[in-house]
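A, B and C label the chains in the order they appear, each numbered from 1.
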Amino acid sequence: MSLATEPAPEQGGVEHSARQHPRVALVAPSNRRRRLAYAGLTPFAAYVLIFLALPTILAVVTGFFSDDGTLTLDNVMGLFTPTILATFGSSFWLSGVTAVIGAVVGALICYAMLGTKVGGLLRTIIESAASVLAQFGGVMLAFAFIATIGVQGLVTVILRDTVGIDIFADGVWLYQVPGLILPYVYFQVPLMVITFLPALTALRPQWAEASATLGGTRFAYWRHIATPVLAPAFLGSLLLLFANAFSSFATAAALISQGSQIVPLQIRSALVSETVLGRENMAGALALGMIVVMVVVMWAYSVLQSRTTRWQQ
Amino acid sequence: MSANVAAPVHPVEPPRTRPKPANHAVRIGAEPSALARRLILGIIGTIFLIPVIAMIEFTFRDGLAGSYTVNHWTGLFSEDSARTYRGLYQAMENSLVLAAVTVAIVLVLLLPTMVLVHLQFPRLKRALEFICIIPITVPAIVLVVGLAPVYSVVVQVLGGSTWTLAFAYGITVLPYAYRAIQSNLDAIPVKTLSEAAGTLGAGWMTVLWHVLLPNLRRGVLAASFISIAVVLGEFTIASLLNRRNLQTALLQVSQSDPWVAVIFALFALALAFVLLLIIGRLGSAMPSRRKS
Amino acid sequence: MTTTLTKSLTTSAPATGATVQLSAVVKAFAGHTALNSIDLNVAPGELVALLGPSGCGKTTALRSISGLEGIDSGRILIDGEDVAETPTNKRDIGMVFQAYSLFPHMSVLENVEFGLKMRKVAAARRRERALESLDMVGLTKHCDRFAHQLSGGQQQRVALARALVTRPRVLLLDEPLSALDAKVRVHLREEIRRIQTELGITTVFVTHDQEEALAVADRVAVMRDGRIEQIGTPEELYATPANAFVADFVGLSNRMPADLIDGTVTLHGCNLTLLGDPMPDGPVIALVRPEDMVFATDGIAGTVTASSFLGSLRRTRVRLSDGTVVAIQHEVERHPLPGEPVSVRLKGAPVSALPPMPKK
């Protein structure tokens, strides 16, 4: 038998070695190995199917059914009633305001960090603080702000006793939508630092140097070069901040124990008290509305991201 | 020929030493001056510290009496405390169990899948990435609407205890865990290592355990820590599915004993800070330090 | 050789450039001195190359001329005026960086127009001059493209057009070709030289590639550890290196043990003139160029160890009878094989010498 017709090259090829080493599946996978590999994907696939795909579909689909199980558009139409529209409006307003404030303050911090050593002490501290505070939401954040600017909060008391300013002279606003702004900004700014800092540090020093050798002033560099290059990343981060505020629930839930001034709280009402709107499936319609908004925002974000990475060859 | 060309050489005065010039990057505007940097970071940093300081100050207040006391702190460790705060400690235990199970899900489900895709199914990488980013577009508040019916089934199969929430948490931490592990995977030559090990006679189990996992330590640890931080801070799903975890318990306790609630919040903040500081350190350290 | 041709071009072209003068320039970074009292005079329209290994200070010297690096003491004069207090954007220079210097969000044309925009030139006139500049580098057709759509060589040509559009009085090039492929490098360095001589602009060119420096420059300054070891025309540096570092750095040299007697180097029976400063008599290490040795029938005996084909010539390594391994450059027709016994002879050209101690 010639060597050319030797079967199963995996078995040592030319030599008839008694020892067979099972090769890693990468090297010439047989059909059986391939199917085995596919099988390896099934646990994760099943998990994601049950706990991500299924709930998402259910959340969206329940909006199209009424309590007794019949298909209906009532819930979706209910999204366009003045109350619900006002809720969406409040959500947009809150998310927009906190996104803008967070983006501007965050960008300022990133600017101040330009030129610091990567991996150095200052940068590590700020990056760690940013990752912690970006996650510091919900209940604990609410406590922090009640302790700060609540009716007996530290700052409230100091302002009242030393400077004579009563910040709640026109009523206690902390437990309404405007009161959410400061807590939201507290986690928006760190999120901005996390997402925008890579873009700012990707500014090549050669651009500033080339601008100088071509006669550009500091202002000209920032106006003609740095700002246009950073604009897509800045806007992208802004959108991310908007999405983040829009989908936040815990902080609002902790500060506003009753009421549904913004969409997540509206969902809470729909889920928890079945009598308020009379329709539990309203939650599904609201979820659908939220997903539509999020998809639009995240799609715009990904477009801006691709623009950003295109210039960072 | 002489070394110097016969160019008109302008008579030069003896060289004078000048004061140290400012950093050139500052002069051309690429970086802020030290003053600007300190001003910006100082002011904003102070503003961000105020709530933390307020929280600390609050924990020492003696009710509305206007004086200060350490009772709230010492009360935590007294004999009565175990009874009074039983609910809270139970809730904290729940959260820790949830964190552990969530990390287990990440390590047992997500990690092998990511390695498998990286090695065998490179074309599925985009799909996997997309799946792991979906939880950002479908936030917890939306997911929970559809989780209620799913969990009614889960309760029938596995019982109604709190740890089953970890299945939902595994989904919420997907974006963070994915990014942490993926950046590690991208940094090491996985395919080359596996192929090299294969030509040296290793089976796929050996490759996974002895070759790949030691190199993925950084990403795995980062993913675990960030999952723990997220799970400890999670409120939305627990609250709307009527389970008790650390955050829901804190909210409830705050109505009767706000001081202990704030103390716990401070602990959680400190713990998260330590965890994420360690991640930051891991990120800058070399992946493997071998003594040769 | 091209250098003679370009030299005559230099002397006949109008010297419109400025003079550049560095006088006793010192610059130290934390812990190490980058420039250790540099003196340099560049004539109008001249191209001087700063050549040396990494860390020798050549880039620091260039950047201090541009103002992107400050100096601790000494003077920098452009056209006779001290520019130490002048910020970079007022020094009227053009600079080409190693890579990544094109503004990514602007088209090629907008990039080239930038310098004119800073000088408040009107839009129509700006466009006209920018297109002229692009024409000089042969890229007018790409004026609406963006940096990431161009190859490395094209990007550097745009960078050159951008630097020259304002007709600066000095052109500074910081290793502009180092990031490019070999073939593109050769082509582009000839382009740069051609444009530079046509415009008559004073130029300082930093490189670590000695072949590049010898090919384009009017004069080359070899630098080491913050000092200029020697400055002269490429021929001077090659034929009469001032010291062993220059002899070693510029071109290839064989090291052969020899004796210095009465100022003459005696090597394998030949008497050779000593180049550079006088040295005390005694044993030395002579630096012999590969082209200064030939195969002969009655020379020093040796065995071939390896032979490399370099296209237009061959370089063969021979182990001589006394154990030294030397490289000989010769015509391609002769193809020595490893192990072949051969005989080599020195042509008798002057040599540099090193003291016989372990150095560097």
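Basically, a contact is a pair of C-beta atoms (placed from the backbone, for glycine too) under 8 Å apart; a residue touches a chain by one contact, two chains touch by 3 or more.
Keep in mind that what you see is a predicted model, and the values were worked out from it rather than measured.
A.B. asks: Pick the pair with more C-beta contacts: A-B or A-C?
C.D. replies: A-B
A.B. asks: Of the other chains, whose C-alpha centre is the longest way from the centre of chain B?
C.D. replies: C
A.B. asks: For chain A and chain C, what's the span in angstrom between their mean Cα positions?
C.D. replies: From the centre of chain A to the centre of chain C is 53 Å.
A.B. asks: Indicate the whole-number Å distance between the mean C-alpha point of chain A and the mean C-alpha point of chain B.
C.D. replies: The answer is 14 Å.
A.B. asks: Going by the contact rule already set, what residues in chain B reach two or more other chains?
C.D. replies: Within chain B, the residues that touch at least two other chains are 28.
A.B. asks: What residues in chain C touch two or more of the other chains?
C.D. replies: Only 67-68, 87-89 qualify.
A.B. asks: Multi-chain contacts in chain A: which residues touch at least two other chains?
C.D. replies: Chain A, residues with two or more chain partners: 209, 211-212, 217.
A.B. asks: Taking the complex as given, what residues does chain A use to touch chain C?
C.D. replies: Result: residues 204, 206-207, 209-217, 220, 224-225, 228-229, 310-313 of chain A touch chain C.
A.B. asks: Where on chain C does chain B make contact in their complex?
C.D. replies: Residues of chain C touching chain B: 19, 21, 23-26, 41-44, 46, 67-75, 77, 80, 84, 87-89, 219, 230-233, 236, 242.
A.B. asks: Residue numbers of chain A touching chain B in their complex, please.
C.D. replies: Its residues touching chain B are 21-27, 29, 37, 40-41, 43-44, 47-48, 50-52, 54-60, 62, 105, 108-109, 111-116, 119, 122, 124, 126-129, 131-133, 135-140, 143-148, 152-155, 186, 189, 203, 205, 208-209, 211-212, 217-219, 221-222, 243, 247, 249-250, 253-254, 264, 267-268, 271-272, 283-284, 286-287, 290-291, 294-295, 298.
A.B. asks: Would you pull the chain C residues touching chain A in the complex into a rising list?
C.D. replies: 66-68, 87-90, 92-95, 97, 99-105, 114-115, 117-119, 147-148, 159, 162-163, 166, 172
A.B. asks: Quick one: in the complex, what on chain B touches chain A?
C.D. replies: Within the complex, chain B contacts chain A at residues 23, 25-26, 28-32, 36-37, 40-41, 44, 48, 50-55, 57-58, 64, 105, 109-110, 112-113, 116-117, 119-121, 124, 131, 134-150, 167-168, 170-171, 174, 191, 194-195, 197-199, 201-204, 207, 229-230, 233, 235-236, 239-240, 247-248, 250-251, 254, 258, 261-262, 265, 268-269, 272-273, 276-277, 279-281, 284.
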